[in-house]
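Submitted below is the structure of interest, expressed as structure tokens.
A, B, C and D are the chain letters, set down in written order, and residue numbers restart from 1 in every chain.
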Amino acid sequence: MAAGAQGWMEELFGDREIADLFTASALFASFARFEQALIKGLAQAKLVEATDAVRLIDQIAAFNPDPAAIADATLRDGVPAPDYLRQLRASVVGPGSELIHHGATSQDLVDTAMIEALGKAGLILSKRLDDLIARLAALAARDGGNRLQAVTRMQEALPFAASDRIAAWQTPLEELRARLTRLKEQTRILQFGGPVGDLRALGDQAALVAETLARDLDLRWPGHSWHAARGPMIAWAGFLSELTGALGKIGQDLGLMALRGEQDIAFSGGGASSAMPHKQNPVAAERLVALARLNATLVSGMHQAQIHEMERSGAAWMLEWATLPQMCEATSAALSTAAGLVGSIDRIGQFTGDQQ
Amino acid sequence: MAAGAQGWMEELFGDREIADLFTASALFASFARFEQALIKGLAQAKLVEATDAVRLIDQIAAFNPDPAAIADATLRDGVPAPDYLRQLRASVVGPGSELIHHGATSQDLVDTAMIEALGKAGLILSKRLDDLIARLAALAARDGGNRLQAVTRMQEALPFAASDRIAAWQTPLEELRARLTRLKEQTRILQFGGPVGDLRALGDQAALVAETLARDLDLRWPGHSWHAARGPMIAWAGFLSELTGALGKIGQDLGLMALRGEQDIAFSGGGASSAMPHKQNPVAAERLVALARLNATLVSGMHQAQIHEMERSGAAWMLEWATLPQMCEATSAALSTAAGLVGSIDRIGQFTGDQQ
Amino acid sequence: MAAGAQGWMEELFGDREIADLFTASALFASFARFEQALIKGLAQAKLVEATDAVRLIDQIAAFNPDPAAIADATLRDGVPAPDYLRQLRASVVGPGSELIHHGATSQDLVDTAMIEALGKAGLILSKRLDDLIARLAALAARDGGNRLQAVTRMQEALPFAASDRIAAWQTPLEELRARLTRLKEQTRILQFGGPVGDLRALGDQAALVAETLARDLDLRWPGHSWHAARGPMIAWAGFLSELTGALGKIGQDLGLMALRGEQDIAFSGGGASSAMPHKQNPVAAERLVALARLNATLVSGMHQAQIHEMERSGAAWMLEWATLPQMCEATSAALSTAAGLVGSIDRIGQFTGDQQ
Amino acid sequence: MAAGAQGWMEELFGDREIADLFTASALFASFARFEQALIKGLAQAKLVEATDAVRLIDQIAAFNPDPAAIADATLRDGVPAPDYLRQLRASVVGPGSELIHHGATSQDLVDTAMIEALGKAGLILSKRLDDLIARLAALAARDGGNRLQAVTRMQEALPFAASDRIAAWQTPLEELRARLTRLKEQTRILQFGGPVGDLRALGDQAALVAETLARDLDLRWPGHSWHAARGPMIAWAGFLSELTGALGKIGQDLGLMALRGEQDIAFSGGGASSAMPHKQNPVAAERLVALARLNATLVSGMHQAQIHEMERSGAAWMLEWATLPQMCEATSAALSTAAGLVGSIDRIGQFTGDQQ
């Protein structure tokens, strides 16, 4: 159906587990959760009868959207929500059904779905980062006392311990791990503003509906909509690119150590060459650098996408969609690449017989 | 199998026709053409017997690579060619079979495949650009004499003719159309250098093999390999982003004209809003801006990817793969979006009764 | 002497107050503070006699570096510190003078100077941000009850209050203001690692020297050097570009409101046209957009600059120097531009007679 | 007066000779040439008397603008031309003086000045590129037959001749040298369109005035204005970043060769370390990488700046001014850095006694 891929070697830049969070079906599942939670909120505010709410929620749960029709409509509408809602409204009946999506707008659905996907991505990244940090700790424990030639500005500087270089890899990752927890919490926020962001249609009940809705989705209601203020998305983009930057630096180092040879490092595995069987290319190290530079490129697009026109810019919003999911994938791919790479190190530096 | 997509609304950024040029099967088909042409070149140089060459070419034609195995190996090797060749070698028998890939390297296959895909993309873009230019000409013919308010620096300036604004859209596209023809010709070049770019394994026969190989693939042999000199790829990236820039400018204008309203433009179609049925969002116009800013972002990655280390950098090369195919898709998507958008214009400016 | 400017209309992108923080003389003053504080640290660790320390500190205070010689040497050394130190050493005499710069390296001086400059820039930005926030509050107080047409996706949506749009400008700025305080605190850290980052030359006294040094400079010692881990610089770059993004969004809105005309906004001031005296161009609004897009471009360079090679990369480090100071200037310029622009608004929206 | 610099180590990123082309006084000199040539064009079209034209041209030649007043006004007007013209008009008297700037607009002056500056920058770059190419040829002649270890994907591949690696540096530069000649010719075009780009004020005389004006400035009149079609600027930006990319690749290689040591390269010179006197840092090589990555960052801003709104976007235009001059400086700086670096190579590879 769709396209938009990076093409023929996309396994190098993508990550299946993250990609699953950004499929059309994941999006529609998020939409359904939102519309169900909104009905609960409207019921809380006595705008929908409690018994009607139960029935409507069941109907939403049973609804199966037609993804091909939505994909087509997305090209016309610039967002999948209108056609999703058209289909949903056609499949929901009975009292209260006219209040489906009441007070909300497309952006409420899509931004909240993005927030949910980012939250889930954060869980995956956390786990992978924990694993990588553990591997680096094990490496430092095993080889930290080995002697290594420090290199500054592309020149041998002074000898130091392998643990010194490894610590320069560990410290930023540990800081980023702690930041990820805060970032997930800080960006666990509902988008809810209605057509022009002011929740006017809900009148005095707006905050009650919003808070109920947020609670049901395990999000926070920040007290206002943020349709054209993209701070949470920028925070994620910055974090992702900083993390791939830290991993790219490890990759750069390991590639250079592979070039310097046995005195610096011994790997098992490594990539085959089609023409030179003697080579063991430090492919994973190169991949870390490529992914870091990819995210360092894409982060610029996210910053450009801050400039919404008025209450909502389709242009700025689409630029986010084209950019942020691939940044998530690149980051997750980089984490698993780095774990594999660190795991493939047989020895770093030279054993000196000293105790560390 | 793979990931690397832009996720849930990828139909907004991608293009099926272009995506088909960058699938794994398109890549392997290109590899097969290269290896067949190389056998012809080796035969021309009397390194393979003519009758063996015919048989080997048939065997290559009959070879069916296992894409899942290659995808797995790509993660290890950083490039699909080694495992493709391992499989190919296992399926080709008889005298001369040891000369499969003789003198070549992975990069020769992959870069040549990229050149072939770009050439085909160029054909698609040419056709779409022709169509768009024709639609703009028809628009100018129909509405060019209408009166329009020129706007400079976000302020009404002076009245002028609709044809004046349309001309500012047409001229860059016409120049880019002419450039596309030159670009296709200029970048129709074979990559062929062998492991370290010097074709040493072919000795005195190198030029003969290279020229035969190039001719068979309908490419030119530039007289040397260009493994670490990415001019042709940069030329494509620059062209693509300049073209989406020109289209994005049209989108920006049409979005602003839609905002200014009936005095400037009347559309049919336009996107639905989930909450405001009275709106006709200029979605295609916004999409053009988003695609322009996406390519303007990605072009930076392509320029970063110029900095190869020594004779071949996996890191720089992967960054190209992550970037250039999506730039092609974005460009093609922008062209068809623009054609649809221009086609949906019912009237531009105000009819004055004057002859233009 | 030097160049590196943005050229002929640099007043549009720069800021004198910030530029003064990044002059060569500001840099050398920071170097001098560092070397004095280091002597205090060495004295604390009994590596320098207390009386010698007093004399050395006085000599450093009296030292006048030759900036032209340092500028020349910077081209050779890639960093101003070595020649600064050569000159300093030549001008300092007496016992302990051989311990000038003991345990430190060029990067300790330069990174600490950058941290100091960023801290001072933060003070300027805080003040300007406070001023802008106050102006927006005054605007909301005066005109917030006026009626305004909300615009989504370049189409009139529904009417709302002027305060709704103004709130969408205020909220991100208030969040960024709070973040700036945290950022200044979080990045108030000493760089100190010596040649290869391990402070080996100071042995057991390293932490004592580092802590004394940090305290004297009113910085924190994070417990380790961070030569190749650029988190603090990335945090600044991200903040700066997020802030100009928030301001650029205001500029974009005000430019569009100027285009829509009297129903949306009335300004006093505005730019002259060389050819159309009737125009009042919303120049400050455009400038905000330009500065936002400039920083959104440059932030990518900062992310690319994360990838240090081994213990220190001159290439990555120089890329930071070429990028971060101009981001600071652009941000400060944007803040004062925004303050002027908001101050020039005579009326926003339409007075309705309603109380807000 | 102004700011906008890259700050304290700007000598690393700037180039005095190029910077001189982008000073305010260079800009005003270009404005004066334009206004003089315009008077000639108007005289040719009989709109100004020939004798008046001579006098007016003399008066323009004698005019001394007040740069501080123009700098101030630029902040208000967003462009220096209106205040320059206000001053000029105040200083020019007599018949025809009311026709100063007749038919033209600010953008005609500024874009033409940019074109002139780029043309002059092109001359400087040509000369430096010629010099660098000559140095590389001399290096190849002296050391080309030496043996060198080819390196692919950060692993030793096969031995080859030093001339092979040098050729990979030479070929792109030679192609870029030829392209620079074409680029200078292709972009030697007048900007002339008047307030809204249609030269309406000049009626039937527009082409005659434009052609006379162009000829007098040694430019071509492309037959139309190009206020919002930035092709020529994009062409320059792409060229500059491609050139620094080619130089950055040389820098990357020489840095890696310096890391690999004596087997690959011997330099004289090299940067001092403040803490490790034994080191000879390959500073110029690092600088080439930094400048390449700076331009690869900035080129994105130029592509973003393609998206003008309607007939003229101050926002997009300012983004160009903030970006393109520093790209020129970075490129020129990179060329002279590369020349110095190549000149400092004492030996590349290992002498084998073979004749090449």
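Here is the rule we use: contacts are C-beta pairs under 8 Å (C-beta built on N, C-alpha and C of every residue); 3 or more make two chains touch, one makes a residue touch a chain.
Quick caveat, the model's predicted, so the values are computed rather than measured.
Peer 1: By that same contact rule, can you tell me which chains touch chain A and chain B alike?
Peer 2: Output, common partners of chain A and chain B: C, D.
Peer 1: Keeping to the contact definition above, tell me which chains border both chain C and chain D.
Peer 2: The common neighbours are A, B.
Peer 1: State the pair with the higher C-beta contact count; candidates are B-D and B-C.
Peer 2: Contact tally favours B-D.
Peer 1: If you average the CA coordinates per chain, which chain's centre is most distant from that of chain C?
Peer 2: When every chain centre is compared against chain C, the largest gap points to B.
Peer 1: Taking the mean of the C-alpha atoms as each chain's centre, how many Å separate chain B from chain D?
Peer 2: Whole-Å distance between the two chain centres: 28.
Peer 1: When the centre of a chain is set as the mean of its C-alpha atoms, what distance in Å lies between chain B and chain C?
Peer 2: 39
Peer 1: Enumerate the residues of chain D that touch no fewer than two other chains.
Peer 2: Residues 78, 151-154, 157-158, 195, 255-256, 271, 273, 276, 281, 283, 286, 289, 293, 296-297, 300, 304, 313-314 of chain D each touch two or more of the other chains.
Peer 1: What does chain B use to touch chain C in their complex?
Peer 2: Contact set of chain B toward chain C: 151-158, 255-256, 258-260, 271, 273, 276, 279-283, 285-286, 300, 304.
Peer 1: List the residues on chain D that touch chain C in their complex, please.
Peer 2: Touching chain C: residues 1-16, 18-19, 22-24, 26-27, 71, 73-83, 85, 101, 104-106, 109, 194-195, 251, 255, 269-276, 281, 283, 286-287, 289-290, 293-294, 296-298, 300-301, 304-305, 313-319, 321-323, 325-326, 329-330, 333 of chain D.
Peer 1: Quick one: which bits of chain C touch chain A in the complex? Just the residue numbers, please.
Peer 2: Going by the criterion above, the answer is residues 78, 150-154, 157-158, 160-161, 164-165, 167-168, 171-172, 175, 195-198, 200, 224, 226-231, 234, 238, 241-242, 245-246, 248-249, 252-253, 256, 289, 292-293, 295-297, 299-300, 303-304, 306-314.
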